[in-house]
Amino acid sequence: MARAVSPRRRMIFTVLAWSIAFVIFFPVLWTVLTSFKTEGEAIHLPPKFIFFDWTLENYAVVQERSNYLKFAMNSVFLALGSTFFALVIAIPAAWAMAFAPGKYTKDILMWMLSTKMMPPVGALIPLYLIFRDLGLLDTRGGIIAVLMLLNLPIIIWMLYTYFKEIPGEILEASRMDGASVGKELLYVLAPMAVPGIASTVLLNIILAWNEAFWTLSLTTKDAAPLTQFIASYSSPEGLFWAKLSAASTMAIAPILVLGWFAQKQLVRGLTFGAVK
Amino acid sequence: MGTITLRNVRKAFGDAIIIPGADLEIGHGEFVVFVGPSGCGKSTLLRLIAGLEDLTAGEIFIDGQNVSDVPPSKRGLSMVFQSYALYPHMSVRNNIAFGLKMAGMPKDEIEAKVMKAAATLNLTEYLDRKPRQLSGGQRQRVAIGRAIVRQPKGFLFDEPLSNLDAALRVNMRVEIMQLHQDLGATMIYVTHDQVEAMTMADRIVVLNRGVIEQVGSPLELYHRPDSVFVAGFIGSPRMNLMTGVVAAKHKAQTIGVRPEHMAIIPSGGDVDGTILLTEHLGSDSFLHVDGGEAGRLTVRASGDFAGKPGDKVSLKFEPDRIHKFDGSGRAVR
Amino acid sequence: MATQQTRALGRIAVAPSVIALFLWMIVPLSMTIWFSFLRYNLLDPNPACSLLTPGQLLDEANRCFAGTTNYYYFLTDPAFFKAMRNSLMLVGWVIAISVIGGTLLALLLDQAIYGRNIVRLMIIAPFFVMPTVSALVWKNMMMHPVQGFLAWITKSLGLGAIDWFAHYPMTAIVIMVSWQWLPFATLIILTALQSFDEEQKEAAQMDGTPPLSFFWYMILPHLARPITVVILIETIFLLNVFAEIYVSGSGGRAGNLPYLVYQYGLLSNDIGGASAGGIVAVVLANIVAFFLMRMIGKNLEG
């Protein structure tokens, strides 16, 4: 850290980095700016960057016309629901694999990962038919189950890598103190793993929120989350850019904020612990 | 009460045999130290007694009751871990109280016991701190506090002092011995440090590659080691072990003489040699002597010994302090 | 390092996850395999073959069993070659762009610059944008041939407007998807860079190592593993890109394998054909997965 860097060099790198970052960030920024314009200004050339009549009208229209809140609620339900149920079965599993590994633990972990590599199209047709026959199409319960299973391997893996960092002696101490396995999990392991569990939850919410293949194929209206909401703008409302922008901003804002908080943990989660 | 009996206790991890078979009787109120080099199975033996590992074969009895298949929480033992294993998210108070809470004891009773333990261990003013806010010695006390509140039949210590600096270690050693006297409870203490074993133990169990080499009081082990291994392990500086011609003179494969049992005389001793270097401790001096065929020897001399490296010396062994061992390393008496 | 009792409890604790994932994997997959050998079209007026009892199925074997016909038609469909080509182009280009760009960008971000955290936040942002949003924003506001922002830039530079999605749909999709995955590669490579031992850097400085040799002999070997991980993970995800193509309406010309399967199944109602396509996709993904698993498996040992 104590390397001497000439101020000139530092300035050049700073300008370069900021310029590239600006270009990469621009589509997001542009969407947010456009959402505050009138439709006329939105398609105006040359583009208006800051000096236009700022308006909130688009947000009101979007909510009114396409009921943003309903889709947003579905997104929240699906993300939280799938995360919650996945955690309930993943925490005990990760505990067992980290602290009471058997001969096949590594194989099971690898196998779980392999389910993640199944292309969804390989399962699309049967799942669609099963959902149709069981009346699960376009229901929250059905999609929650799918999203939970989809991300379960990542959740178990992340928890596993976090749990591995907790010294086993502490759990043994609680066992000596007379705690049953349930109490050991609840009073000792879970509180100690709070940061790890929180990161896992965060990552899973992000993944579930942005999941588009299954939500687009298995929902239409009642259980449709924001991915579907936005897809409905592909035409002809797509021509109304200001409204499209307002809708898009509302769809990505919550997750963008969460994502910024979670970026460090994200690396570990998305690489299954291969890069920390 | 708190007697612990091991009967033909075996432990293997897969093909690796850690403990081929151990028998041991520990009486009520005894302070027993398991000592041996790292990897000798002493910690495994302790964890078997605690119930944190399964027995491969054999039986363990506590107060005459077979506990071989009893889970750790039901064995009535407390353990102090090498890393202390304090619950990092709980205050000192809750760390100490956790076991009592798990046992479902009423709140006011828990509070009273925690306060008493804290007073004994000088922890009263730290009760609301988290473990990370404590020094190493304080953490150690919390770990002990957590063990004593449950009033167990026996205490298990797994190298509890190895993470402390030298000065603190001496203090804690005294405190643990004091605690043993006050509580009168059975304690099993694992260490690789023979000084700790000698100073603390009522009885020492010396382990080597999973085998109990010898069990006895510190002085018994010092005066009458049963094997070359025990002879070399107990005592500081180490006993001088000699083979070849020097040993043959005493009709043994190996002979051992402690540094303090050799006298320096001008000539005509058992071994003639040259001083290589001297260490002056004030009270004593230790000489490292090249004893020719006898190998390199350590000799204790008085604090004001004036010899210099290069000086010729002759070493005379105290005749009744020569330990003789046969080809298999067992003592010949 | 645990007792029989805990291990027994451990098995119980692992069971729900294992069973759930096993069903999730095996039920749809075996159904897909089964369907892929059937003549099964949702528009067929006869009862679906998958609903028949085994006895009925034997009676109607001629009508129902397609043998390898579905595979034959899928694999010889010109659309399959196009979809394969598109799939591979998409994977190849996006990986090339995100790995090379990501490495350079990560090296830049690893320098002493002002406001590094803010720069990092801006760069990672696209990764959190949901695919459907990204598709519509790029298709409309960025790449619209008349009013799009890029059109404005190219026109201002005197190059004239480009109708990206009409004339270069594949390029448009590659740009859009790279925009999402470049941040991912950057973030991972940057994380790996920051774990580079500072003392090694200083030692190299003391030795007077020129920057380029330092990069080649020290940094690049250190980055070999994270880059491999990025490549493998991106391959898995990129082979499955769907929403971007579907929502931007470029499936006709830039459609990849998943889109083709979707087209067979939910658009043409040819369940048998779609299933055969699904199995082809599974086989391809497994080849990639094999290498990824070996990478991660090695990491488990360490």
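Letters are used for the chains, namely A, B and C, taken in the order the chains are written, and counting of residues starts over at 1 for each.
Rule of thumb we're sticking to: a residue touches a chain if its C-beta (ideal position, glycine included) is under 8 Å from a C-beta of that chain, and two chains touch if they have at least 3 such contacts.
Model, not experiment: these values are computed from the prediction.
Using CA atoms only, can you tell me which chain is the most central one in this structure?
Central chain is A.
Among the chains, which one keeps its Cα centre farthest from the Cα centre of chain C?
Greatest centre separation from chain C goes to chain B.
Comparing A-C against A-B, which pair counts more contacting C-beta pairs?
More contacting C-beta pairs are found at A-C.
Per the centroid of Cα atoms for each chain, what is the distance between chain B and chain C, given in Å?
Measuring from centre to centre gives 59 Å for this pair.
With chain centres taken as the means of their Cα atoms, state the distance from chain A to chain B in Å.
54
Round to the nearest whole Å and give the separation of the Cα centres of chain A and chain C.
Centres of chain A and chain C (C-alpha means) sit 16 Å apart.
Could you say which residues in chain B touch two or more other chains, in rising order?
Counting only residues that touch two or more other chains, chain B contributes 52, 71.
Two-or-more-chain contact residues of chain C, please, as numbers and ranges.
1-2
By residue number and range, which residues of chain A touch two or more other chains?
Within chain A, no residue touches at least two other chains.
Show me the residue ranges of chain A that touch chain B in the complex, using the header's touch definition.
167, 169-170, 172-180, 183, 187-188, 191-192, 194
Show me the residue ranges of chain B that touch chain C in the complex, using the header's touch definition.
Touching chain C: residues 51-54, 71 of chain B.
Which bits of chain C are touching chain B when the two form their complex?
Those in contact with chain B are residues 1-5.
Using the touch definition from the top, list the residues of chain A that touch chain C in their complex.
1, 3, 5, 10, 13-14, 16-18, 20-22, 24-25, 27-28, 30-31, 34, 42-43, 45-47, 89-90, 92-93, 95-97, 99-102, 106, 108-110, 112-130, 149, 152-153, 156, 168, 181, 206, 209-210, 212-213, 216-217, 226-228, 230-231, 233-235, 238-239, 241, 244-245, 248, 251-252, 255-256, 258-260, 263-264, 266-267, 270-276
Which of the residues in chain B end up touching chain A in this complex?
These residues of chain B touch chain A: 50, 52, 71-74, 77-79, 81-83, 85-89, 98-99, 102-103, 146, 150.
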